[in-house]
Amino acid sequence: MHPTSSNPGPEFNQPLGGNVMPRFGGPASMFRLPTPASADGLDVAIIGVPLDIGTSNRSGTRFGPRQIRAESALIRPYGMATRAAPFDSFQVADVGDVPLNTYNLAASVKIIEEFYDSVLAFDVKTLSIGGDHTIALPILRALHRKHGRMALIHVDAHADVNDEMFGEKVAHGTIFRRALEEGLVDGGKMYQIGLRGTGYTAGDFDWTRRQGATVIEAHECWYKSLAPLMEQARGRIGTEVPTYLSFDIDGLDPSVAPGTGTPEIAGLTAAQGVEIIRGAFGLNLVGADLVEVSPPYDVSGNTSLLAANLMFEMLCSFPGCMRRD
Amino acid sequence: MHPTSSNPGPEFNQPLGGNVMPRFGGPASMFRLPTPASADGLDVAIIGVPLDIGTSNRSGTRFGPRQIRAESALIRPYGMATRAAPFDSFQVADVGDVPLNTYNLAASVKIIEEFYDSVLAFDVKTLSIGGDHTIALPILRALHRKHGRMALIHVDAHADVNDEMFGEKVAHGTIFRRALEEGLVDGGKMYQIGLRGTGYTAGDFDWTRRQGATVIEAHECWYKSLAPLMEQARGRIGTEVPTYLSFDIDGLDPSVAPGTGTPEIAGLTAAQGVEIIRGAFGLNLVGADLVEVSPPYDVSGNTSLLAANLMFEMLCSFPGCMRRD
Amino acid sequence: MHPTSSNPGPEFNQPLGGNVMPRFGGPASMFRLPTPASADGLDVAIIGVPLDIGTSNRSGTRFGPRQIRAESALIRPYGMATRAAPFDSFQVADVGDVPLNTYNLAASVKIIEEFYDSVLAFDVKTLSIGGDHTIALPILRALHRKHGRMALIHVDAHADVNDEMFGEKVAHGTIFRRALEEGLVDGGKMYQIGLRGTGYTAGDFDWTRRQGATVIEAHECWYKSLAPLMEQARGRIGTEVPTYLSFDIDGLDPSVAPGTGTPEIAGLTAAQGVEIIRGAFGLNLVGADLVEVSPPYDVSGNTSLLAANLMFEMLCSFPGCMRRD
Amino acid sequence: MHPTSSNPGPEFNQPLGGNVMPRFGGPASMFRLPTPASADGLDVAIIGVPLDIGTSNRSGTRFGPRQIRAESALIRPYGMATRAAPFDSFQVADVGDVPLNTYNLAASVKIIEEFYDSVLAFDVKTLSIGGDHTIALPILRALHRKHGRMALIHVDAHADVNDEMFGEKVAHGTIFRRALEEGLVDGGKMYQIGLRGTGYTAGDFDWTRRQGATVIEAHECWYKSLAPLMEQARGRIGTEVPTYLSFDIDGLDPSVAPGTGTPEIAGLTAAQGVEIIRGAFGLNLVGADLVEVSPPYDVSGNTSLLAANLMFEMLCSFPGCMRRD
Amino acid sequence: MHPTSSNPGPEFNQPLGGNVMPRFGGPASMFRLPTPASADGLDVAIIGVPLDIGTSNRSGTRFGPRQIRAESALIRPYGMATRAAPFDSFQVADVGDVPLNTYNLAASVKIIEEFYDSVLAFDVKTLSIGGDHTIALPILRALHRKHGRMALIHVDAHADVNDEMFGEKVAHGTIFRRALEEGLVDGGKMYQIGLRGTGYTAGDFDWTRRQGATVIEAHECWYKSLAPLMEQARGRIGTEVPTYLSFDIDGLDPSVAPGTGTPEIAGLTAAQGVEIIRGAFGLNLVGADLVEVSPPYDVSGNTSLLAANLMFEMLCSFPGCMRRD
Amino acid sequence: MHPTSSNPGPEFNQPLGGNVMPRFGGPASMFRLPTPASADGLDVAIIGVPLDIGTSNRSGTRFGPRQIRAESALIRPYGMATRAAPFDSFQVADVGDVPLNTYNLAASVKIIEEFYDSVLAFDVKTLSIGGDHTIALPILRALHRKHGRMALIHVDAHADVNDEMFGEKVAHGTIFRRALEEGLVDGGKMYQIGLRGTGYTAGDFDWTRRQGATVIEAHECWYKSLAPLMEQARGRIGTEVPTYLSFDIDGLDPSVAPGTGTPEIAGLTAAQGVEIIRGAFGLNLVGADLVEVSPPYDVSGNTSLLAANLMFEMLCSFPGCMRRD
């Protein structure tokens, strides 16, 4: 599964084509891929995690997986700018949603963790559709059991390193403090990109910096390409360290991603979001997520469509994804 | 498959339960039922027909099947008012969408007809999700080949008996003229309910009446139950004649069904729509459709949710559907 | 111009047909009629009055005329339930909008009055598209100069008989007090239908009653036909007295007319609204208006479509409108 | 505080008037009333409970209190149909929101209960703004400690008597089973009105009936006034028994109340909803709630406006509310 | 008609001014210009083409011409940045919509072609309002008959050079392959700007390149001015070659143009779109179009407003448009 | 009140925290601050001015103050990029709305002026929430009486220097001509940033330039930071001159601020808007406003949220606002 230009054969699942079934019809699975009952035999398992009770402001991300899948019907199999060919490179399928308990956040976190443990029993990478950002914590826990301490590329408007929220240790704004405390993530190989807005103290972002993380605030990104930043990140993390990519859609500007729960102004452009993900090609990505899309606030459906495209780009950045001539 | 209270056993497909998987998660199939590749072994095949190029005003019904399926996640397995138990009575599944050619109406009509021919090769009833009303014509043609001339219960704001539209013989406003001309439907056993609005001539509804049909205009329905009307219809059609139920959502008032393409004011209430479908229990229904839901105009999703509920009621009115004690 | 079934010939303007130009194309004039520069030669002049600075809560009715015209593209030339044929009976055209001063309510009221004076210099009836209800006052003043004191059919949730609002004598909630004080309207031949909600005093509706008006509150209308009421009104007003019909869309329930500025719950159904207008056939209508549609709150466009249909019904109730066999 | 027509004097809070401050301006408190820090000295305390993590389908009711307050700016002080004068009868104020823990349903239920205990330490009635229906359970528990077992008028599409949901004993669909089990409510004096839709078993509504409750399904209500039903209820419950009124907005039809999380078709009209509340005048109401309004699904704001009006009607039905001449 | 600063006199049509008629009133013609029945005497004819049955995903562009005209009411007569004065330079009018057959794509393509032939019988340039991109093919065919092979500036997210879609040779994704095959356009003088997203093969854009076209992918445009690109294009095409400008609104980023049918992320900014059109001044433009605006997905109306402004910029780039001092 | 890092003590009002009361609950005051009846004792008084009858196109800004306050619930007390600590620096409160007369623009302008006079009787700065831009004129008049002629930073798409609109001297497009004529503002210390679009003459912006103002058109700002511009402005205005900041949200691009009444394409980014406000730190700001947010066109609420954040940045730029370590 190293990049080559030889076609690996028809054994890989292909998205249902737009000239076989109109894009507005057909199954509403992710990328119109098959939906097997288990991850057995997959290289990449796409998993929905429709959790939104860990969110502090607008809710609605519970409908993220359904809506992102619906909008993903427009995605075709090749990346034009990168010539990436994920469906010639990997066996990918949509294994469905985690059956969480929507009345109990702590119970759901445990259910998610166990679900990922069972998926990771296979030799598979996970690509997760949120749901609110809380889901990243149980995913990281499960991945840590398999891969050990990981590097992290974290795109977000918020650092998500509060110690607690309303007295709770686990909610969508505390997860990376937990991940660092639990040793799931290596602070020295952690990038937080796009942070901005207002905080409870002026030093909210300093805590992560003290853990060794590189924090790139949004205003450092304005008007310019993030390709150099990602080149630096690849140099620092290297090609071997298991790396997780967690992409909160609110890292991007509300103009491109209106459908989210805690938007912050003056964020990254869609192009910058794409550059971050494309710049992760070359890292040893073992999993990725796209979180915090809230369909009730996404009237045109375009935030979900953006999310689907970013998830396609994630597939293209998984190690071994071929580039076509 | 006659109504009894004995449980027919676990061999029938059941909707995925709301305490097994939250309603906002899980597959977006109709009623969260399985999605087999063929109709083999089914009593009722649910089929999506995402056609909207036969429509004269607002488009968007191409997204009807996807959105109605998504909203159907809220439907539970038993009808509370009727105590009907369709999933204890029938093997039902969602066999997916007709792969129509969205650039060519005539070609699509032919594709639909052939698709239904292939489904009807099995001993199955069809429950169809539109799409615009054009789809009823190829469905009736296929059913006619199997069952011969049929009775018709037609709920609509419009008679759909134009001779042609913009020079075309087949479009969403001509289909029942074609169906009568081709002998698919027995004019003497045809009910059109809910007609209203404005027309090209004052006598637009007279043509159907001259074919023997019973036309019930909307203003004849205001402020009262339609149960007596349906009792009359059952008496006139009888229990043996193969009967088709075609339900255009614009038969109902725009207040209950805003998401449709050619709304007409002062239509039927949702309760009246339910009474018509419940009143069809006792007829020999061989197929039914729910058409003209246009999601882009259904901001809250409630028109699709209404459609999903009406389709559940259709299942409950298929002959042989048990009522529980 | 008395009702007969003889076709008066092709000299009358006809709505542009849906098989000549698709309904989503063509001019966005009212009923897709011609747009002459003056009312000369017309039987009925349709006039837009895009005023919304007389409104007390949500604004937006300034876009009423444009949006109602756009939605009127769906209206066909004959009323199906009544067999009315307005475009075979009258020369009707859309003479455009009053060029009001949107920064000055008092000045605009004067501009409207003068505009109607100039239109009424011809032997024409006016059918007006609001705008907020303030517009009815200058219209009534102009009509009064031509026809003297008039009977009034007033559909509304509110009595609009405040003495003043925020110190102003003319605003959308004071106009019928002014109309009665100025003798434009005969209190003894005035019907207010659909009043409801909350008021500044418990006796807000008593003032009109003391002027001799018949006030029918909404709760008196629930669950039943208003045809008997209109029969009574016709008896009381008679066939000769010049009569004005003022229809505030908020007289209807917010479920059928969500797009309005001061909605009140539990109002009239669309069917009841239609019955009131149809029941005005036989009166000597000299003018009518449809006011208070606010497009920014009418997401589906259906409130505007309702308004367009009600205005068609008004045309059908103007004296002399033929009924077809 | 018994009904008389003598004005009780200026000591009662009055809604900020629309000619003092435009309705679109001023404080966004309920009915534009004062917002004291405690319930001391009040007859009726209005309380917001922005909980939505007990809901099974669409979320968003967390914004119910804020949006209903905003829309309540349109409410004037007198009921026109009833001539009720609540602000001449009672000292009413908006005491704000319960500071719940949005990450923990069980903890929030406890916080709500304690909050109501503290409010009920004063001689006050509570009028609560949801939030999802879960909130009614802790409210009933607090009220029960003060008043003992209560009669219940429950308007809803759903019985809310599941034993558990996803393994949890307390969520928005289980609360009245809990209330009956805990003896908070007297089954023999319990009315459930508007139930309908689909269920997990055909006998879902029978459990309540077996507790002695009167269950009025929606189809029993179609096309007719509910005044007779409420007369019967008043007869059965009597004027002395402490009675609670719990009004789930989804009891009403989705056409009038689109903005809710688990809509069911063919429900009660707004008029019927009003009749139920008006029919509760004469009972010994000790508290009431209006729940399940979900603003993200209420695009026009009219569901919130409906809720505000229904809450005004509740005030008018609290015992002792004067009727003006 | 060469650029001078002398005022050419009052014989040219002027947009109806905002202080003559409020912008929310008056005719909904393009730029509030007159609407003559033919193109006789015009320098520029504005034509609506409300076709959307050539589209592969979301429909709705059939309402593009009506909505873009409505929003164009805000446009004033002079370009502030360019000091361009199109209405002092040209006789411009809105000649209405092509009466296409909405049930038959092939027939509509022929109707459009014939309509443009009849318009081009006059010495006039066309400025077209789509509709989906399919309309550009019949327009190019008609223009080619008059002007011969043309240069092309094509702004789009997609190359639109598929060989066929669902077996059809003409649909919105095939037109520029047809245009090149038919020799309507000179591949060596063709610019495609803004291409991006996913494709059916990694080499989808190479086909055009092989025809000699210059393809500028979106990622080549990020963060920078496109003025240099347009300078290059002017140099390559020259001032004499008849040139067509085809602007698919999805060339721009979904954040600025949400209301379109097949949006692709990370596109051009509005400023870049403006620069492309302004950069076309100096070319020998013989026609231009603005396509793929879909109003049902344009909730705020701002995509239509953007389109109206871009069409104003097109007028300003037509050869001979004066610049004021 | 000079910047220091010593905590000034608990006497300053603090925004209600998100872990004390969920962000979707609690009072809907600006920044969830207290709402005293007067400005006595305040350093900064936040004032709502819900006027929208001075607007020329889309209305709805009357709901700006209410909606911006609601969305401001998400703002936390510290600026992350600037480390600014406004609530440690100033006593800030929300003193409510100006009780304007919504039926009379001239009267309202006078009411606003008098309201500000009464506020400015205290030693306080004002931070105003519009409302349409007309409000800036009476505010400037009141401020001028206190501070004399002021410098002005004016962000807008429009110059707002028309001599009159529809014959009126005061409306949202004339105010800065009035302000210059009346000597409220020093033309030589006036910056207009973001101007663009179309105008009544090509020289519309020249009038301001002739008054000595610096006009920065939007196209001069594309693709680059505005920090250098603001450095220049600070140099030119100096630290002593009383300066007013007037921020029309339509200065920003419609992609970031869709909810406004007269949007113009290709405007400033949110980042540029932030840079302008941050760049005003160091000037002697005596007041600021944020105007022209129209909630009915702001479906997601994000324009209001943007406005709330920009107003927070304004607080941070008021002289004396501390920066934390």
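Think of it as A, B, C, D, E and F in the order they're written, each chain with its own count starting at 1.
To be clear about the criterion, contacts are C-beta pairs under 8 Å (C-beta built on N, C-alpha and C of every residue); 3 or more make two chains touch, one makes a residue touch a chain.
All figures in this text were calculated on a predicted structure; none of them were measured in a lab.
> If we define chain centres by averaging CA atoms, which chain lands farthest from chain F? Would you check?
In terms of C-alpha centroids, the chain at the greatest distance from chain F is B.
> Please indicate which chain is farthest from chain C, where distance is taken between mean Cα coordinates of the chains.
A
> CA centre of chain A versus CA centre of chain E: separation in Å?
Those two chain centres are 37 Å apart.
> Once you find the CA centre of chain C and the CA centre of chain E, what distance in Å lies between them?
40
> Centroid from C-alpha atoms only, then distance chain B to chain F, rounded to Å. What do you get?
Chain B and chain F have C-alpha centres separated by 55 Å.
> Going by the contact rule already set, what residues in chain B reach two or more other chains?
Counting only residues that touch two or more other chains, chain B contributes 22, 24, 56, 58, 62-63, 102, 165-167, 223, 253, 255-256, 297, 299.
> Which chains touch which?
A-B, A-D, A-E, A-F, B-C, B-D, B-E, C-D, C-E, C-F, D-F, E-F
> With touch defined as at the start, can you tell me which chain E residues reach chain B in the complex?
Against chain B, the touching part of chain E is residues 52-56, 58-60, 62-63, 101-107, 165-168, 170-171, 296-297.
> Which residues of chain C touch chain D in the complex?
On the chain C side, the touching residues are 56-58, 164-167, 195-205, 217-219, 222-223, 253-256, 258-259, 262-267, 297-299.
> Flag every residue of chain E that touches chain C in the complex, lowest number first.
Per the touch definition, chain E meets chain C at residues 20-22, 24-28, 35, 48, 50, 62-63, 65-66, 69-70, 96-100, 102, 299.
> For chain D, which residues are in contact with chain C within the complex?
17-19, 22-24, 73-81, 83-85, 223-225, 253, 255-256, 269-271, 273-274, 299-302, 305-306, 309-310, 312, 323-325
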